[in-house]
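In what follows, chain A forms one complex with chain B and a second complex with chain C.
What follows is the complex of A and B.
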C-alpha cells in the first residue's frame, strides 16, 4: 500500500493535469457541439503553439508572456481563416474529421521537419518552482495552468449561458435555419467561436511547453485522452470538459501511483468505454 | 444499382490481371520487383478491406492500423512463442483482428446518437490502447519481436516469391470480398446505412448485424495482411506497427479512388503506393507523409466522389445515354398509371379480430409524456384516420409502433402477436410499413434502388423478382419514368410518392401514412387520395395520419382522435368530429 503522501501527491498532480486536459478539450468540444465540426486540428495547433513557445524561449530568450501576446492573437486569426475555408467548401460532420485529420498530420510533419523528432524541454528556473503544502508539492506553473484553464472554462460557460451572443450561438447550433429566420448571423458567430477555439489551443500549447517535454508524436498520445474528455464532458459543454479532464487526470495519476506509470494511457479509454456501455442520459 | 450498374467488364479485367500476376514468380524476375509489387498488394488489401465498412456504410475508422497490428502481433506471438506454423497463423491472426472489431462494434454500434463520430474517434483511440497494452506486456515488452527464425514454407521458389504470392492472394481475397459485398444484400443494406441508418432499419435492414459483419470482414482481412507483413519485415515493433501511417493512407487511397465503388480503394492504392515510392527513407518519409495528408485535404475538397466514380460518370455520359437521369421525362400523374396491384400476402384469417391492437401504450421523453396509455385497434382492411392537434402524439405513435422509439409501457400486438419489444427491422419484416412526413429517401440510391431496397428487406424475397416488383410499385406510384433519377432531382410531390412506393414494395399488411398530403396542391391531393383508395382496395390496411379534414372524411372508415397523448374519441368520422371534447381540443380549452 503506497503512503498517503504519495496518494495526496498523485491526487494534486491529477487535478492539475486535468485542467490542461480540459483546456485542450475546450476547442474540440465547442467546435463539435456548437459548430458541428469535429475539428481535431486544434491538437495540431496546440502543439504548434507549444513548439513556437519553446522556440521563442530557447532561441530568442523571450519569456512565455511575450509568446502569449504574440501567439494568442495569431492563432485566433488562424482559427478564423481555417473556419472560413471549411465553410467555403461546405465541410461538415465526418468529412470535417477527415480534413482536419489531414491537417494534423501536416502539422506533425512540419514540426518534425523544423524541430526534429528529438525531445525538447524549455529550461527556465521558475518552471520547476513549487509551493509545499504539508508533504505535498504544488508546482506553481501547473497551478497557473489549472487556474487559467478553470477561468477559461467558467468564462466560456457563462458567456454561452448568459449573454445574447451565447444564446444566439446555441440556438443556431440547434436549428440553424430557424435561428437565421430570427436574425442571427451564425456565420459571423461561428467565425468568432472558431477563432476563440484556436486561441484556447494556443494557450493550452503555451502551458504544454512550460510543463512537459515535447516530442511530435506526443500529439497523438494527448489526443486520445482529450477525445475521452470531450465525450465524457458532453459536447459543447466547457465546464463538463474541465470536470471530465480532472476526473481522468486523477484516475490516471492514481493508476500511475498504484499500478504502473506505463498503464496510464489505457485509463481514459477504459473510462470512456465503460461510459459508452453504461450510456447515461447526459452523454 | 447506380454504383454497380456499369461493372460487367471490370471484374473480368481484374480477374485476368490477378491471374497474370500469379505467374510473375515463374518468370524469375529480380526480387526487387516482387518486393515492390508486394507493397502494392499490401496497400490494395488494406485500403479495400477498410472500405468494406467505412466506405460502403460511411462509418469512418481511423483505427485500421489496430486490426493490422493485431494480426502482426498475433502471428509474431503464435509463431515465435507457441510454435504455430506460419501459414496456420494467418487465419488465426485474421480471427483475432475480427474478434477485436466485434468487441468494438458491440460497444459503439448500439449507440443511437453520434454513433458515426464516436466510432471514428474510438477506433483511433483503440489503436493507442492496443499499442500501450502490447508494449507493456510480454507480447512485445519493448524491444520488438524477431521472426527471422520462423520457417517460411516455400510456395513459389524463393522466400520473396512466397511473400509475393501470399500478398497477392490476400489482395485478391480483399477485392473479391469488396465486390461480393457490394453486389449482395449486405452491400445494399450498407449503402442504405450510409445514407440514413434510421430509415434503413425501418425498411427492414438489420443494421446492427450488418455493421458487425462488415466490420469483422474488414478487420479480418487487415489482420491477415498483418500476419503476412510480419513475416515480410521479419522484425516487428510497436512504433512501426501502430503508427499513423496506415490509418492515414487507407483513408486517402479510398477517398481518392472512390469510397462507393468496390474497385475505388484499389485504384487509389496503386496511384498513391506508386507515388510513395518516390519518398523513402528518413526525412523524405516525413515530407511524403505531409504530401499525402495535403493530398487528402485537396481530394476531399475538390474531388469528393473519388477517381473511379468520376471516371465512370464521364464514360457513362459518353456510352450510356439512356441512363442519364436528367434526360428522363417528367413524371406521369399517378392516375394515368393504371397498373393493377400485385396479389398481396394472404390475410392470416379474415375474421380473426383486429390487425393491430395498442393497449395502454406509454412513451415519455424526459419529463414530457408524449403518449399516455394509448388504446386503439386497427381493423383488417379499413382505413383508420388518426387525427389530433399538433403535438398530440400522432407521429410518436407511428414511431413507437414501428419500433423506432421503444415503448415505456403497454403492449402492441400485430395479428395477436406482441411486437412492442422488437427492433424496427423486425417490425418491418412482420408486415408494418410507414412513410415519413418529410420524405427521407436514400440520397445516393436512384428512385428504383430505393424501392428495390424496401422490396429486398421488407419481407422474404428472391432476388430475381425483386427488381420487377420494385418497377411495378414505382409505376403504381406514377414514377416509372423517374426510375433512374436520384431523389435530389425529384420534387416534393414525387418524393412523397416515392415514400409510398417504398412502403408498398414491402407488401405490408399495415401501412402507416404520416401526413402524405401535407404540402401538395389540390390536384396532387386528388391523385393521392385516389391512389390511397386503390391501395386499400388491393387489401392493405391503412393507418392514416392527416390534418387535411376533407381527405380524412372522404377516405376514412373510422376516426381516432388523440389529444395530449391519449385517445379522446373514436368512431364514425362525422360523429367523432361533432364530439364536444374533440371540438374543444381543436379550438382550445374553454369552448366546450
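What follows is the complex of A and C.
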C-alpha cells in the first residue's frame, strides 16, 4: 500500500506537470479553435525560446526574467509575422498542419546547428529548490510555471469572454463574413491572437529550459500529450487546456505511483479515446 | 566473483602478437596515400534522440580518417568516409546501408550508433557478405552474424558480467547495501542489463525494495522520484540512457532526497558530472582520461585531437570517454584487419579478426567467444570532484571510491 506522502507527492507532481501541458497547449488550442490553423510550429517556438533562455543564462548570465522580457515581445512579433505569412498564402486547416510541421523541422535543424544535438542544461542553484508543505515538496520552478499557466489561461479566458475584442474574435471564428459585416476587423484580431499564442509558447519555453534538460529532438516528445490536452480541453478553450493538462498530468503521475511508470504514456491517449467515445457536451 | 580473465592459450598469444604487429604496422609515418580512395560507408544518428552520442562517434571517425590519410591511408590509398544520417531510426539505417553497399558501392562498412540501428545494419551486412565492426551493440546474444565484431568488450553476457564489479565494489564498502531500488528504462539494451543487476542483487541477498520500468522519453520524473524516496533503498540502480539519470536525480533533489549510493548504466557523462547531485555517482565505462587507459595504443595521439575537435564542434563535454574509445577502437580494428590481410576482402579480414588479439583503446580485445565476443572488460567509474575517475577494479583505479 503506497504511503499518503507518496500519493501526495505524486498528486503535486501531476498537477504541476499538467500546468506545463496546459501552457504548451494554450497557443495550439487558441490557434486551432479561433484561427482554424493547426499551428504546431508553437512546439518549435517553445523549444527555440527554451534554447534562447539557456543561451542567455549560460553565455550572458542573464536571469530568466530578463530572458522573458526579451523573448516574450520578440516571439509575439514572430507569431504575428508567421500568421501574416500563412494568411497571405491562404494556408488553413490540414494544410496548416503540414506547413507548420515543416517549420518545426526547420527550427529543430537550426537549433541543432547552433547548439548541437548534445544535452544542454541550465545549472542554477534555485532551479532545484522546493518549498515544503507538510511532508510534500513543491518545487519552486514547477510551481511558478503552474501559477503562470493558470494566470494566462484564466486571463485569456476572461478576455475572450468579457471584452469586446474577445467577443469579436469568437464571432469571427464562428462566422468571419458576418463578423466583418458588423465592422469587425478579423484580420487584425487574428494577428493579435497569433502573437499572443507565440508569446505563450515563449513563456512555455522559458519554463522548459528552467525545469528540464534540452535536446533538439525532445520537442517531438511533447506532441502526443499536448494534442490530447488540446482536444480534451476543447478547441479554443484556454481554461479547458489547463484543466485537461492537469487531468492528464495527475492521471499519468498517479499511474506511475500506483501501478508502474511504464504505463503512464498509455493514460493520456486512453483518456482521449474514452472521452471521444463518451462525447461530453464540453468536448 | 566470476572469473573474468582466461588463461592465455598458444593461439591467443600468437593472435595477440599478430594483432599487435598489425596495429604497430599501421602507425609509422609513410608517404602520402595515392590512387582511388578506399571508401568506408556508415550511418550515424546525426539527428533524432540518439544524436547526442553520435556526435562523439562522428568526431572520432573524422579524426581517425584524417590521421589515416596523414599516414599511408589504407593499402597506400586515401580513405574516404561516406557518412549518412540515419535519424536515430533503424528502418532508415537499414535503407541507408543498402544504399551504401548497392548504390554507393563502398569498399568497407562500419557500424552505426546504438543497438537498434546496429541490428538493422547487421542484417544488410549479412545479406551482402560484408564485415561489420560495430561499437555499441548492447544485446550480444542477438549478434548472430559471424562477420560482425564488437569494438566494445561488453562480453557475451553483459547482463551477468556487468553487475559483478559494481556489487564487488559495494561489498568492499564499510556498509554494504542490504536493499536496492531499480529504476530501468525499457530501451532494450539498458532493460536487458537491468535484469542482470536484479538477478545479481538477489544472488547476493540484497533485497529489491522497488522496481520501476519507464518508457524511453519519459517527461515527468516527479512520481518516479517519489517512489524511489519512499523505498529508502541503500543503493539505487538507474538503468538509464543518456540524460535520464540527471532527470531522476534532479527530481529526487526537488523532494529533498539524495540516494546514499547510485549507479547509472549508460548515462550522459557531462551533465551528470556537472550536476551538483551527480557527485559520487557511479557508472559504467571502459575508458577514462587517466592512466592506465591513456597509455593504451592510440590514446596519446587521439586525446588532444579529440579535445580540440569536440570543442570546435560545440560538444559541451569534450573528454575522451568510453563512447569515444569504442568508436576509435572500431576504426583501429578495421585498420588492423586491412593492414594484416593486405586486402579489402571482407571474408579474409573477418577470418583474421576472429583469431586475433588486439591491444586497442578499449583494452586487449579477443573475438573467440560466443557471437565473436571476448571477455567483459567493463569497469566502474565515479564522479569525484567534478571529474570521472575509474574506481574499480583496483588495478586500473585512478582514485579510491567514495562510498558513504
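Couple of notes before you dig in:
Simple rule for what comes next: the second predicted complex is superposed on the first by the 282 of 283 C-alpha atoms of A that agree within 3 Å, B and C clash if a C-alpha of one lies under 4 Å from a C-alpha of the other, contacts with A are read in each partner's own complex, and residues count from 1 in each chain.
Methods note: a contact is a pair of C-beta atoms (placed from the backbone, for glycine too) under 8 Å apart; a residue touches a chain by one contact, two chains touch by 3 or more.
Small disclaimer: the values here were computed from a predicted structure and weren't measured.
With chain A as the common reference for superposition, the partners chain B and chain C occupy clashing space. When the two structures are aligned on the shared chain, A:139 is found in touch with chain C, with no touch to chain B.
Looking at the shared chain after the overlay, A:38 reaches chain B, while chain C stays out of its contact range. Using the contact criterion defined above for the overlaid structures, shared-chain residue A:260 touches chain B and also reaches chain C.
Of the two partner chains placed around the shared chain by superposition, chain B and chain C are both touched by A:221. Taking chain A as the reference, the larger set of touched residues comes from C, when chain B and chain C are compared. In the superposed model, A:231 lies in contact with chain B only, and not with chain C.
In the superposition on chain A, A:269 makes contact with chain B only, while chain C stays out of contact range. Using the contact criterion defined above for the overlaid structures, shared-chain residue A:277 touches chain B, although it does not reach chain C. Using the contact criterion defined above for the overlaid structures, shared-chain residue A:76 touches neither chain B nor chain C, since it reaches no partner. Residue contacts after overlaying the shared chain place A:99 against chain B, while chain C stays out of touching range. Clashing C-alpha atoms with chain B appear in a single stretch of chain C, chosen from 183-191, 237-245 or 255-263: 183-191.
Residues 108-109, 112, 221, 260, 262, 265 of chain A touch chain B in one complex and chain C in the other.
Only residues 32, 38, 89, 91, 93-95, 97-99, 101-103, 105-106, 108-110, 112-113, 220-221, 223-224, 227-228, 231, 235, 260, 262-263, 265-266, 269, 272-273, 276-277, 279 of chain A touch chain B when the two sit together in their complex.
Remark: chain A residues 2-3, 5-6, 9-10, 12-14, 16-17, 108-109, 112, 115-121, 123, 125, 128-130, 132, 137, 139, 142, 212-213, 215-218, 221-222, 225, 249, 252-254, 256-257, 260-262, 264-265 touch chain C in the complex.
For chain B in complex with chain A, the touching residues are 58, 60, 62, 107-108, 110-111, 114, 116-118, 120-122, 124-126, 128-129, 132-133, 135-136, 244, 248, 251-252, 255, 283, 286-287, 289-290, 292-294, 296-297, 300-301, 304.
The touching residues of chain C, counted against chain A in their complex, run 46-49, 51-52, 54-55, 88, 186, 212-215, 217-220, 222-227, 229-230, 242-243, 246-247, 250, 253-256, 268, 270-271, 274-277, 313-317.
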